[in-house]
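Both of the next two complexes hold subunit A, though its partner changes from subunit B to subunit C.
Right, the complex of A and B next:
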């Protein structure tokens, strides 16, 4: 079955402050689909985000908790948000300082549910 | 149940989005029904997480419970949302006074008076703090400030004692707070799994290089420098920050703790970590 990632990713990029959204392989950080609004090195970002998510997943499980459901990297000028989707994908969104993290999180979880 | 509480409870039941939870929570607090007040305000905060008045009320309820550390966090959140919030300044001023930190107490109480000049309680508190400061200046201050001083680490202490001292006095100082260096070595704090296993060193090792990776991702996206990383899971939340360029602070709490309070706790732990690192020279 072929999954259409285009519409769900577009839904996310329409949110305020969102500059790009990607679906990435959780294991190796390869981009499966993307909707980037600017000239961003999607492959490099995907690889780093996947590595970060993998590391934090290991930390969370080492702590004795269940795998992460949401990761939020806060930065001085924006945010990188990650939602693990199924067993082998990551939904990644990044945005500028005016991104509404709460709303974007809810939409990402909705999209993740659709893709699952 | 008094009539006013009955009426407000009915209003809230009819419209759960109503702001009547604020006077209802305060009325319950004043009648010392603290558990009921706590439930009401937590339900309100779940709908209005950015309402400074709700955090202020929760701070007062926690203060009445004697939970000063969490009360401090709640008032801190209220001040982030509304830097001129009189109730939050008053609450934090009170806590600083209790801790013997009279100058900080005076600063907050004066800010409370600026917003609420007719509050007799604030004016009386300011007079009391000014009196304590005057006594301090002639060397007759009470022992509160001395009692609040954290003992600096000494060379004769065991590593375990040093590990404990980093976050001394903070909630979860030995379970749920970790200070880790850039190589993944634990410098302080502790962490146990829900099953009681000591997982501090294992988790610390996984933190090696996290700061570098987070910064690389942020720079590639041109979104500045990383400041914090929050990770949610169904049975626990994590908050990572970098108190200094070479260290990572790892805070873990159960999911019932709001993320705002987790961030506030992390801020306080980061400050303690920086003080401790500075004390080492």
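Right, the complex of A and C next:
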């Protein structure tokens, strides 16, 4: 079965403040599909975000809690949001400081369900 | 980490630090080793360099037969270890990078920081003629000299 990633990703990029959305291989950090602003290096974001998600997952499970279902990294210049999707994929969204994190989180979880 | 060319050291050190690669070999297109990290035996370096250069030549020929442009990089991924192989042009000639990585890092990170290293090497390469190919009669002497430098013996 072929999964269409295009439309779900474009749905995410229509949200306020979102500058890019990607589906990334969790283990490899390689881009599977993306919808990005032109000036964004998707490969770099994918590799670094996947590494971050893996390390965060290891840290959280080491504390005895379950694998994270949502990661939110907030900086003064913007935000990075990650939702593990399926066996080996990550749904990644990043945006400007005015991104609506709550709404984006809900939409990411909806998209994650669609991609299962 | 050992390098025959001093200007290679900083870009390679940054790559190793960022990518967490286990083994790295930089060589010329002919398989002459320029720098290495992680190898403990000269024999392994010789074998890896020869095999890496051979694989790049084979895939380039395959691309030519298929009417395609040369492949940018070649990756093998096993359960525990992965291998990344890529050729690139510098003012010092055509070079090949061979990287072995494990589950402490990922293919994406290796690719990302390898590309950055290549950019730094291209910018930092002295504007001289490409390193001359070693002639058959000089091969043994050149090989021994390179290995002595790379392993500090």
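Convention: the second predicted complex is superposed on the first by the 116 of 116 C-alpha atoms of A that agree within 3 Å, B and C clash if a C-alpha of one lies under 4 Å from a C-alpha of the other, contacts with A are read in each partner's own complex, and residues count from 1 in each chain.
As a working rule, contacts are C-beta pairs under 8 Å (C-beta built on N, C-alpha and C of every residue); 3 or more make two chains touch, one makes a residue touch a chain.
All values reported here derive from a predicted model rather than from experimental measurement.
Visitor: Look at where subunit B and subunit C land on subunit A after superposing the complexes, then choose clash or fit.
Guide: They fit side by side.
Visitor: Considering only the touch criterion stated at the top, classify A:29 as touching first (subunit B), second (subunit C), both, or neither.
Guide: second
Visitor: In the superposed arrangement, does A:56 touch subunit B (first), subunit C (second), both or neither?
Guide: In the superposition, A:56 touches subunit B alone.
Visitor: Given the touch rule stated above, what does A:65 touch, subunit B (first), subunit C (second), both, or neither?
Guide: The answer is first: A:65 touches subunit B but not subunit C.
Visitor: Regarding the shared-chain residue A:113, is it in contact with subunit B (first), subunit C (second), both, or neither?
Guide: Touch status of A:113: no partner.
Visitor: Touching A:44, do we find subunit B (first), subunit C (second), both, or neither?
Guide: both
Visitor: With both structures fitted on chain A, tell me whether subunit B or subunit C touches more of subunit A's residues.
Guide: B
Visitor: Just to be sure I read the superposition right, which of the two partners does A:88 touch: subunit B = first, subunit C = second, or both, or neither?
Guide: neither
Visitor: State whether A:75 touches subunit B only (first), subunit C only (second), both chains, or neither.
Guide: first
Visitor: What is the minimum C-alpha distance, in Å, between subunit B and subunit C after the two complexes are superposed on chain A?
Guide: 9
Visitor: Residues of subunit A that sit at the subunit B interface in one complex and at the subunit C interface in the other, please.
Guide: Shared contact residues on subunit A: 44, 48, 51.
Visitor: Name, in rising order, each residue of subunit A that touches subunit C in their complex.
Guide: Within the complex, subunit A touches subunit C at residues 24-25, 27-30, 43-44, 46-48, 50-51, 54.
Visitor: Hey, which residues of subunit C end up touching subunit A in the complex?
Guide: It comes out as residues 77, 105-109, 111-112.
Visitor: Of all residues in subunit B, which touch subunit A in the complex?
Guide: Those in contact with subunit A are residues 191, 193-195, 197, 199, 202-203, 206-207, 210, 213-214, 216-218, 220-236, 238, 250, 252.
Visitor: Using the touch definition up top, name the residues of subunit A that touch subunit B in the complex.
Guide: On the subunit A side, the touching residues are 19, 40-41, 44-45, 48-49, 51-52, 55-56, 58-60, 62-80, 94-96.
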